[in-house]
Amino acid sequence: MGDASRGSVLPVHVEFGHCDPAGIVWYPNFYEWFDAASHRLAERAGVGLHALRAQGYVGLPLMQTGASYHRPVRFGDDVEVHSTVAGFERRSFRVVHRILRGAELMLEGFEVRFLGQPHPDDPQRLRAAEIPEDFRRRFGFG
Amino acid sequence: MGDASRGSVLPVHVEFGHCDPAGIVWYPNFYEWFDAASHRLAERAGVGLHALRAQGYVGLPLMQTGASYHRPVRFGDDVEVHSTVAGFERRSFRVVHRILRGAELMLEGFEVRFLGQPHPDDPQRLRAAEIPEDFRRRFGFG
Amino acid sequence: MGDASRGSVLPVHVEFGHCDPAGIVWYPNFYEWFDAASHRLAERAGVGLHALRAQGYVGLPLMQTGASYHRPVRFGDDVEVHSTVAGFERRSFRVVHRILRGAELMLEGFEVRFLGQPHPDDPQRLRAAEIPEDFRRRFGFG
Amino acid sequence: MGDASRGSVLPVHVEFGHCDPAGIVWYPNFYEWFDAASHRLAERAGVGLHALRAQGYVGLPLMQTGASYHRPVRFGDDVEVHSTVAGFERRSFRVVHRILRGAELMLEGFEVRFLGQPHPDDPQRLRAAEIPEDFRRRFGFG
């Protein structure tokens, strides 16, 4: 069984194209990295997209996201996205992401995600499944 | 003098490339639209990037951003980003964005921005200028 | 029946986030606009994605793309993507895109697309369908 | 002195957000990877952006780009972008990129770039510098 209780680390090299005319990372890119990091974390836990779909879920859609920016990240920087699941509600969970350059915290963010199921009344909509015990354990929540 | 006290509206047609394998808008794109909407709002207020630079500022960098997702937005949808400044602190202000499809609220978000000045001690860093009275008035804050 | 024989025009306002540290549009964005413009053109011809899927096609995938850059496009510019179908092969067609700022040609590009069908031997692959007479006529090819 | 005569390899993990509603990489992303790969290649040759700027150049802008798509690249794939300089003109050079999944060629592309200098008559424009002997040698051209 996958174990992501200790989180995951996604290294990112800051590309020219990530940066805006001010020479720093254009902020929507940070959310692109958060999303990639969450997929990495879910893979490590053994609940990546293919595994989830095999169980009848549609993925891990978003309820809420946010970020606080501490220091500008620049072209050529090598950073790491450190991600862990910080907690569970009955039908959602919170992933926290910290972007570090060496030991320096550049920014931090979060995503509240749910386990998506087709809505029984309307296939166009999704509903949030109750999070199974097994899913929590994979992220270190007993 | 520019007047953005009533906010701004940015129409967006949801393109194929905005959407992910689930067929809905990949969420970092919403932040791209928020950023474009804030530039539109600042232009309307007469404090677009060129005007700000002419006054010695470097732009309107971000302190914090966030969003809550209510309904999935799909390929082909026509939506509008409704943006207003919701309030000022001494050295920052909050822009709120509501994305509507017709009358339906699909998601809402915010950005806390500041008026960036080169830091006197270190040209690589920025500091948040005190927001001038004139700047507030342009967004309807007396 | 849709008629795109005279092409389509997609207006684009160049956003801050489209631009790179050199202050000009980062070139992959031009391809994003080409793709959006082709979808617009296909919609006008009555063969947008939903219409194609209803006929058992999977869309209009790419065989080849390219662009030549004449003048830099900058933050705040208002440009137009002028698109037409330039010709058909038996199993593909060529869309040409010209990006104009006023009367000035900034860059031009093309996409060779095909009408995608599930491959009979392997659902993971696609094959290029023979282009029906009706499809050609919608783009002004008799 | 940097030596990029043997080219460079940029590994890319295909993220969820790189993919479109058809479940395959949305093609403008390939150009994002080409651009990142060219920066990597230039770094290896010792003519990365910072080095170029220190010599009075503004970077390596594009004259032309293009790609041919052979096989669809999918979410979760691990691919490599293999890049080399294929040849020089007096004022431009051609970078070729091949994207491989294992030994399989998925697509190939190219970029024609030049060594950008501020135009003596108009600081808003760029001109293509004559490529110095030393620059060619770094990419294996004697």
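A, B, C and D are the chain letters, set down in written order, and residue numbers restart from 1 in every chain.
Everything below uses one rule, namely that contacts are C-beta pairs under 8 Å (C-beta built on N, C-alpha and C of every residue); 3 or more make two chains touch, one makes a residue touch a chain.
Keep in mind that this is a model prediction, so the values were computed, not measured.
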item: Neighbouring chains common to subunit B and subunit C, by label; value: A, D
item: Chain whose Cα centroid lies at the greatest distance from that of subunit C; value: A
item: Between subunit D and subunit C, distance of the C-alpha-averaged centres to the nearest whole Å; value: 23
item: Averaged-CA centre spacing for the pair subunit C and subunit A, given as whole angstrom; value: 33
item: Computed distance of Cα centres, subunit D from subunit A, in Å; value: 30
item: Sites on subunit A at which at least two other chains make contact; value: 16-17, 22, 26, 28, 32, 35, 75
item: Subunit C residues touching subunit D - in the complex, by the definition given at the top; value: 22, 26-29, 31-32, 35, 58-59, 61-69, 72, 125-126
item: Interface residues, subunit B side, partner subunit D - complex; value: 16-17, 19-23, 26, 28, 75
item: Contact set on subunit B toward subunit C in their complex; value: 13, 15-17, 32, 35-36, 39, 48-50, 75-76
